[in-house]
Every structure is written in C-alpha cells, then in structure tokens.
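Below you'll find a set of structures to go through.
Each of the two complexes below includes chain A, the first together with chain B, the second together with chain C.
Let's look at the complex of A and B:
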C-alpha cells in the first residue's frame, strides 16, 4: 500500500470542497497529478495543490492507497466522501460531509467532525475519535435513503438527528446524543453508550437501538415487553426490551408483525 | 442583425416535404428567407442534419408546483449541480432543474419553444416569473380549468357562451395560452376525499360529470377559436383498466370540427397517453392497451396526442391531479406534497423511482413506446416524457434512440429482469417500426407547431418562418444503429439558431437569445353575467382582491400576444 501525505499549507477564505481528496480520486496518480485535482471554493475552482503540500504517491487502485492529512482541516468539506476502498487518516477536526456516501475502505478522523458527516454510509469503517455534529450517518436533506451499511464509530458525543432513515449497518456512539436519534429507522443497529435527550426512535419501523445511559423523555410509542441478558459491543448486561414505534406501520413476517426494538440497560 | 447561410446540410422539413435533401437555408433578421447576400456568414452543415427548432407540447417547467418540487427535493440537486465554463450560470437539479438549466438543456437538445402544461390561475404570477427567468426558449402556459368552480357551474347548465367569456377573462388575467383540463371533476372531488374515475362519476356538490366538463370545454375552446385545442389530462390516470375511460373521453370529441384561423385541425389534445392506456384489473394482470387506444386515435382525425414516455429514471411526479398523487404516495410511501388552490385546482408531488427491475415500470416504458410506434400520422402524435412525471425531458435523446432503433429498444427490453413478463404484457416485441428522421421532425417540430396553432412561424424551415434551426451531428446516410450514439447526437446540437441568432454552438450555450412569452388575448362580447359572477366570487370566496389577481405586464416584459376575435354579432 502506497501512502500519500497531505499537509495544509493555506487556509481557504471560505470553505474548501475536497470532493477529490479520497483514495478513489488519488488512485494511480503521482503527487503532481494529485495537486492538479480540482477543489471548489464557493463558485471558484481551485486545485488541491493550492491548499496542500503533497508528498508520496498513490497506489494503482484505491485499495492500494493510503492518505494521511495533517494540518488544520476545520474548513475542509467532503474529506473521504464517496470513497470505496483504501485508507484515509485525518489528524484534525473536519467540516461537513466528511465520510459521506462512503462505500468501503477505512476512514479515521482524529478530531471532531461537523454536521452531516457519514451521510448515507453504505459500507466501510468510519471512525471519529472526537465528537460529531448533527445529522451524523443520516440521510441527505430531503432524502429518504440513510445509512445502509458499514460501521460508524464515534468516540465522543453526537448532536441531534443522528442516524435518521437508517436502513442497515451499525453505529456506535461513545458519548451522549441530543434529540431525534434513529428517526424513521427501517433497519440497522445503533449502540448509544451515553444518554439521549428526547424522541429516541420516533417513527421507527424496524431496527434496534441499545441505550446504556438514560433517555431524558421516552417516546410514548414504545412498550416494555420484558428483560434480556445481552452482550453489546463487548459489554454484558441486562437490558429492558421495548417494542415500537407503535404509531407507525410495521411489516409482517410469517403472519407476525415485526416491530422495531429499543433496549435500555438496567 | 447578421445574415447566415447554412450550407450542404441534410434538411428535414415536413412543412415543405423535404426529406433529407441537401438544401441551403438562408437567415436574415431572425427569419428564414429565400436568399442572402454574399456577405452572409457561412455555416457548414455538411454531413449534418438540419431541422427546425423543436417544440415541447407538454412539460412542467415553471410555476409554484415545480418550485415546490425543487425545495422539497434538495437531494435531486445535490448530486447534479455544476457550473460549465462560459456564460452559463450554475446548473442544478436532475428531474426538477432550475429555470436556467431548463433553458440551457432545452436549447442543447434543439428546442426553441416549450409549453408549461399546468398553470394555476391564482399563482400565474409565479409561473410568469419563472418563464421570464428561463433563458433562450420561447414559452407559454396553459391555465387549468377542469375543476374551476365557475366552469363547473356554467357547464352544469351547458352555458358555453359564459364558459367562453370566463376563459377569455382568465387568459387575459393570467397571460395564459389555452385551455388545460386535468382530471376533470376529480381534483375538485378530492376536496371531499373522493375522485372521479370514469367520465360519468358525478362531482360532489356541483352535480356535473367529467364528460360534461370535457365536452363543454371543447365547445368553449372552439367558440373562441383559440390557437390551441382543449388540452386534456384524462380521468383515472395510471390505473389498470383505464383504457376504456380513455376511449370514452376521446369519443366526446366526435363530430366537433376545429374552428380557428391558425391552421389547427384537432379539437382535443390528449396528453401523456401512456398513463391512460392500461388494460387488466390490477398490477398483477396489467397489460398494455396502447393498441386499442391508438386504433381509435388513428381513425379520429380531430385528435392529437402526446406519448408520456417512461424513461426508467428516478424522477419527481407532479400534477394538478391531487387524488392521483395521494394514491401514488400510498404505493411508494415516499414524501407527499399536496396543495389546494382555492376555487380553481389543486396539486400534488411525490418522488418516484421507475425501477427497471420492476415488471410494471418496465411495462409502462413499453406502453409509451408502443403509443408512438402505433401512430399512423406522426403529425398528430408528439413525443413527451410529461416532464418530470414519466422522466426528465433531458432524456429525450434516449427516447428517440429507442424509437429510431429496433435493435436498441430490443436490447433494453430483453435485459429487463422480468423481460418475459414485460414481453407477454405488451406488444412492443412484435413492433418492427423504426421512426425515421422525417417522422421525428413531424413528431417534434411540424406536428406540435400545428397543434399549438403556431405553424405560421414555428416547426418548419420555409421562407418567412422564424429562424429557429437545430443542426445535429447526424449524417442521415450513415445513421447510427447504436443506441448510445443516437443519444449522443441528439443530446447536443452542433448549432441552435433562435430567431436568427446562434445560441448554442458545439453543445455550448453562447447566447441567451431573446426569449418571448406567448399568450392569447381573446375578445368576446361584453358579458355582464360573467363579470357579476367574478365580482361575487372574489368578494365571497377568494383570498385575494380582484384587483390583485391579474398578472401585471412587468411579469412578462417580453410578451408576444396572439389576438383572437370571438365577438359575435
């Protein structure tokens, strides 16, 4: 695997749209060619080379390419977005759309990410070693196709509207979340190690949410059905099982209604 | 203004009956003329196809409903938004493009005129604002009448003269072009949570039937002698078994003759016929009814139709057929938008994915192509996608490739996941016809121009007509058999002349032209009854004052008014 190292040399005046900073765009390119890749700032087109010093060269394919980004990326959007393979490590906080529409590979952010990151994640591993903003792993504004696969892991807290319209994959949040966790979920699994504010699993049709901490205000559409002993992300504990959201339509399998599930750690 | 001479091109012009012969076209002062001087700029069209600019007969491209689609579907724009080099602005949106993209894309496809198919009179200002901002192409808009309270009340007693006077008043207030009728009675019934699925279902409260509305509007349209005929979106759209209702509705035009000074011969234009040509009783035994419907259309000379071809894309459905959009939302559970327009109409919007793996959608695709291929008279059958309902208009080149190449459409047909089911439910596999370039010029140029009453200036290349000319990189002697090649050739014109100016060159927009808004000013005898009714309805029901209703001239500064005198002695 070849490694390309990017170091921020200039801060954009507005925000830099780094749609071409990912292993797929870099694959098969030398440092000079990578520098020529386009990057919008507002409506003006500039290049990756205008803002980053580039060393090393990419592998022949995305899978053979590893990218390390150093320097302050708080005004960089779309880092690692749409990547399908390979590896990318960003040693900074990042702006919106980081790791969105990822299909594969491994993306690690050693810092916080802003809102709308990991949108509609379809595959791969996306790890945030910091806090995340709102709409983490959700669907794009207006869209009804949220996270459908892969693993999204946040070490710290996340904001509101996390994992809206999730249909598959797994999300693990180390800290707390604000309102609207897993709204409109139709599959997948959310593990919340901390607390949630309100409206967890509103309009949830299918899928599972595990909460280790407390939910400030529980949705009225959830009903306790018993207790179960489970091992969740390495922790063995007893959980109270709820079914819901009872206000929603639910699919049937073999004549039985399939409900979404919410597990609260005792 | 400069002079041009387009030399050595293969010209296809149904107006003069030219079928691909080499002919030079001379242009001066925005018009086509017989001869230009030696100083004229020469455009070399060797090995290229030359046609008049195309006309869009039915698309939803401007107004509140289209804009609601834009703001409630940001995801439609997110992956398809770019800035091309040159004078163009950012082009955003796929199924509901921005007004700028709409103008550029139509021009790149060789279009110079587009008809906005449904204008709610109350929101006509918004329609005109968007039309004004759409570059290059000329446009007009059809106000909707089929569920308007005035119309329902007048036609209940078959008061054709009052109906005509009211239509004339609305056209002047809204700067409208003609009479559109969407799901007659059904949209009004929707206010009661009901619908009219046959032409004999009574409209609640008003006690009138869709048949009476359709026939009355046709008669009022001919009473006025408008350039375009009554433009009908029929009842029971999109449901299996609806072909009977379709033929029943078309029968209402029997025996009525076109009365106008614009060379129009039809009295009824039936739009997006694909959605209205289904047999069967449910989606399981669903079959194509295109043959039955087209057999009738072919016989009946006073009808024109457009296809409404499904393009198998993710798109956004939007129509004044409110109950249908609710029905669609029940099928796909995607987000639903609904609005009621006071005394006039309603609208709904639902995103839709025509998944080729689904036998029903693949069959709808086949039905749309069948409609065009069964048409005996290409001057009465026009190609549309009912943009954006069956697919975005930017897919026209692909639709052309399916119609012009049997090989291309068979490849698509046989590669469907449920190909066997589609082949048995439709007749497409048995059809060998390939639409020729001349027929395409009839279906997209001369035909729609005649149907819209614009054949004096549009749709042909005869001397005296508008110099709206599309030149394609197609050599008719070596017509491509490969679908993607046909598609590529039609997607970007080599040149587009609009009013004698080059607006697109090599697929690149180079000039914004001087677009015009067309509307019809019909003079009728003074009608005290109708004016009294209007005043009363505004006082009693409308949320706006009568004085705030008309579209001021500032909303359509580049207007082209077509005058019609319907005063009777």
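Let's look at the complex of A and C:
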C-alpha cells in the first residue's frame, strides 16, 4: 500500500470543499497530478496543491492507497467523502460531510468533526476519535435512507439527529448524545455508551438501540417487555427491553408485528 | 374625486386577503383609506403616504452617515460586489413578487450566490419535514367549506394572521359548513393561553418543549396502544378522548406555527404532526397546513422549488448544480460561520430577526439592501436601494399559505423615479452581464 501525505500549507478564507481528497480520487496519481485536482472555495476553483503540500504517491487503485492528512483541517469539507476503499487518516478536526456517502475502506479522524458527517454511510469503517456534530450517520436532506452499512465509531459525544433514517450498519457512540437519536430508523444498530437527552427512537420502525446511560425523557410510544442479559460491544450486562415506537407503522413477518427495540442497561 | 379600488390583495401575511377596498386620491398618488383589512394590513398601505420615505439610493460614508447616490451608481456597485464575491448570501424575497424572484435567481446563478428566504428563520423546519415525509394538504377554500375539526397547534392567528379565523378557519359559513362556528370543533394546543385559545372549544396546555412527545402520544393512542399517565402535562384520558373525536371528523385540519417550528426538535415536531395527519386519514379526511408568515414567502419557495428543486437555502455557488442543506447553506449558519463574502438583502429585514452574532458578521461584509423602507438592515448596509412597494405600488404574483397563486394589484403610483424590484433587478442583471463579459469571475 502506497502512502500519500498531505500537509496543510494555507488556510482557506472561506471553507474548502475537498471532494477530491480521498483514495479514489488519488488512485494511480503522482504527487504532481494530485496537486492539480480541483478544490472549490465558493465559486472559485482552486487546486488541492494550493492548500496542501503533497508527498509520496498513490497506489494503482484506491485499495492500495493510504492518505495521511496533517495540519489544521477545521475549514475543510468533504474529507474522505464517497471513498470506496483504501485508508485515510486525518490528524485534525474536520468540517462538514467528512466520510459522508462512504462505501468502503477505513477512515480515521483524530479530532472532532462538524455536522453531517458519515451521511448515508454504506460501508467501511469510520472512526472519530473526538466528538461529532449533528446529523451523524443520518440521511441527506429529503432522503429516507440514512446510514445503511459499515461501522461508525465515535469516541466522544455526538449532537442531535444522530442516525436519522438509519437502515443498517452499526454505530457506537462512546459519550452522550443530544435530542433525536435514531429518529425514523428502519434498521441497524446503535450503541450509546453515555446518556441521551430526549426523544430516543421517535418514529422508529425497526432496528435496535442500546443505551448504557440514562434518557432524560422516555418517548410515550415505548413499552417495557422484560429483561435480557446481553453482551454489547464487549460489555456483558442486563438490559431492560422496550418495544416501539408504538405510534409508528411496523411491518409484519410471518404474521407477527416486528417492532423496533430499545435496550436500557440496568 | 377620490376613487375606490376594490378586490385589492393585502400584501402583509400569508392569508393574502383578497377583498380589500382602498380609497385613492384622484391624482393616483396617495392612499386615503383602507377598508376590510386588519390593523397590520391597513398599516402596510398607510405606510405609502408616510413622510420621510427614501426615494433615491443611499451609500454609507466613512463617518457612518448616508449620501444620496443615483440608481446607476448603486447598480454598478451592487453588480461589482456580486461579481467579485466568491460566495454571496442573497437573502429575503418574501415580500416581493415571483417575477422579481426569478430575475434574482438568474443573477444568483451567474454570480454563484446562495438564495435563501425568510423560511430560514420561520417555516424552514416545516419544509425540511415536508422533504422528509411529504404533506397531505389542501386549500383554505376546502377548509372553509368542509372542515369540522380545526386544530391550531403552536400558532396564534388571532395576532399573526388576524383575518384567518374569520375568513377560513373558525367563523365562516361554507358550502358544507353552513352552521359556521357552531358546526366546527376548535382545538388549540399551546403552552400558553393565547387569544386564539380563547376562540377554541378546547384548549390543551402542553408543557413547553413536549410537542413531539404529545404528538407521539396522539399517534400511539390512534393505534389503540397504551400510554403513560400524562404526556407533556396532558392526562392520557384527554389524549384518547381527543383522538377519538378527531377520528369522527368529516374533514379535519391541523394548522401549525412557530410553536412547533421553533421549539425543541423543530422539523421533527412537524414531521410527526404530518404523520399524525396521515394516520388520521386511515379514519377520515385530514389535512395539515403551515401558517406561513410573510405574504409571499410561499411564493419564494415555489419559484425556488420549480427552478432548483429546493424551497429555500439554495446554494448555487457551483453554478452547474443546486445544493441545499439546512445548517450549512442557511443564512444564519453562513453568517455565523462567516462562510460568505458579501450580503445582498431584498424585501426583508434580517437585522430585525436574525441572531445578533449573525448580523455582526453581516455588518463586516459588503452589504446591499433593497427595501422600500429604512429598517434595521438598511442601517448596517453599504448601499440601501429604495424600491416601489410590491402589492401597493406595483402588482405581481404571490402565493397564499395554501400554495394558491394570486396576482396582487397596483393601487397607487410609486414616488416619481423610484424603480420597482423587477426593473432594478433587471438592470443589475444587465450590469452583471457586462462585467462578466469584461472578464469578471
């Protein structure tokens, strides 16, 4: 696997749209060619080379390419977005759309990310070693398909509207979340190690949410059905099982209604 | 001899009353009186004759005072600003005509601007919910003629849409609602006992910030499932009772306002209200409608919608594609994050409505404001360009809150030499063309 190292050399005045900073765009290119890839700032088209110093060269395919980004990326959008293979490590906080529409590969952010990261994540491993903003792993505006596959792991806290319209995959949040976790969820699994503010699993159709901490206010559409012993992300514990959201439509399978499930650690 | 102009459209709120009678002086220059309008609507017409109106563009000087300049100078300055800026916020549009909007959008496409309207701090959250789950809606005429259950949730038309209740929702006698008020059951859900609540048959006081939970409880009750003893301060017996009553409606309607769109959860409150409406349609006919504020904010959503597919916060900075993301391309976020280089405000007053931090950010950028009046925004702008009052001094198309287009009427002439929005934007558009032909970006 070949490694390309980018180092931020200039800060954008507005925000830089780095759609071309991912293993797929870099594949088969030498440092000079990578420098020529476009990067937008408003209507002005500049190049990746205008803002980054590039060393090394990419592998023949995305899967053979590893990208390391150093320097302050707090004003960079779309880092690692739409990547399908390979590896990318960003040693900084990042702005919006980081790792959105990712289909494969491994993306690690050693810092915080802003809102709309991991939108409609379909595959791969996305790890955030910091906090995340709102709409993590949610759907793009108006879409009814949020995160559908892959693993999204956040070490710290996440904001509101996390995993809206989630249809599959696994999300693990180490810290707390604000309101609206897993709203409109239709599948997949959320593991929340910390506390949730309110409105967990509102309008949830299918899927599983595990909460290790507390929920400030429980949704009225959830009903406790018993206790279960489970091993969740390496932790063995007893959980209270709820079914819901009873106010929402639910599919039937073999004549049985399939409810969404919420597990609260005792 | 003064003359009366009848069937005048009121350019104040989203109700767009179409039965105003305006008395105009025989020289066609002054409005002498307004009949049928509410106090706010009448004031909109009376503004026209107020002394001290700005009739020529003004430019701010280094010492903070304003100097009168010509329209040509103002247009040139504006066009240069738009061409030079890499990302321009073009906000407002809610109090102008759809025709003017389409010219503005043409400019935005050329200069790579971001077009946003007042929905961004108003019913934008409703629009996001509609993007997410759709909307079963109807016209105000259907409500007048058919509705026998009316729910006002987090809105107060008694103050915000003063004639709404008498024209459409509570009092009028319609084709199938011949008993008027007596034939309708009115619910008001709010955290305060408002003047609209006084007109309601039943007032449900919800604890502030618990609308989502209460709507969820309504949906759960509609499916016959168990509920906790109280939800948002409302006892479960009451919830079951109301839901059963709503199911027996011949035609039900939910009106909602800022109480849902701007409390905790925002778009989710609307989203679940829409889904409750959908659930109710399993039992009877039910619709839901946003109480849109500015008289033509719906029109801006319509024009943007058919041109770019998104109703507000449309980012055209790529010029070959439209993008939309509330939280990113919305005015307040753009200003707070200082993500734009220039501001172009038309037909609205962000200075009076945006958060202070956003306006501080705006005041540090080149700013042009197009507005008939002096307002909070004109005072922090580099250029203020006065225009004719749309709906009073010039006609144009507007959309009512139920998405019905209505052509507004001109009742008096604008002050001499004052341009209309359409004329001004056309000239800015031409100047932008000239500058870009010379090699602007």
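The rule is short, and it goes like this: the second predicted complex is superposed on the first by the 266 of 266 C-alpha atoms of A that agree within 3 Å, B and C clash if a C-alpha of one lies under 4 Å from a C-alpha of the other, contacts with A are read in each partner's own complex, and residues count from 1 in each chain.
The rule we apply is simple: a contact is a pair of C-beta atoms (placed from the backbone, for glycine too) under 8 Å apart; a residue touches a chain by one contact, two chains touch by 3 or more.
This structure is a prediction, so every number in the text was calculated from the model and none was measured.
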Item to complete: Answer with clash or fit: chain B and chain C placed together on chain A by superposition.
Response: clash
Item to complete: Give the label of whichever partner, chain B or chain C, reaches more residues of chain A.
Response: C
Discussion item. On the A-aligned overlay, A:180 touches which partner chain: chain B = first, chain C = second, or both, or neither?
Written reply: second
Practice prompt. Determine, under the contact definition given at the top, whether A:68 touches first (chain B), second (chain C), both, or neither.
Written response: neither
Worksheet entry | Partner chain(s) touched by A:203 [first = chain B, second = chain C, both, neither] | second
Worksheet item: Does chain B (first) or chain C (second) touch A:142, or do both, or does neither?
Response: both
Fill in: Stretch in clash, chain C with chain B, out of 133-141, 169-177, 349-357 or 421-429
133-141
Worksheet item: Where on chain A do chain B and chain C both make contact?
Response: 43, 140-142, 144
Item to complete: Mind listing the chain C positions that touch chain A in their complex?
Response: 85-87, 111-112, 128, 131-132, 210, 212-213, 216-220, 222-223, 225-228, 231, 264-265, 268, 271-272, 275, 317-319, 324-328, 337-341, 441
Worksheet entry | Parts of chain B lying in touch with chain A, wherever the complex brings them together | 72-76, 78, 83, 90, 334-335
Worksheet entry | Residues of chain A defined as touching chain C within the complex | 13-15, 40-44, 96, 115-116, 134-135, 140-142, 144, 165, 179-180, 183-184, 198-199, 202-203, 217, 219-221, 223, 245-248
Practice prompt. Sort out for me which residues of chain A touch chain B in the complex.
Written response: 43, 139-144
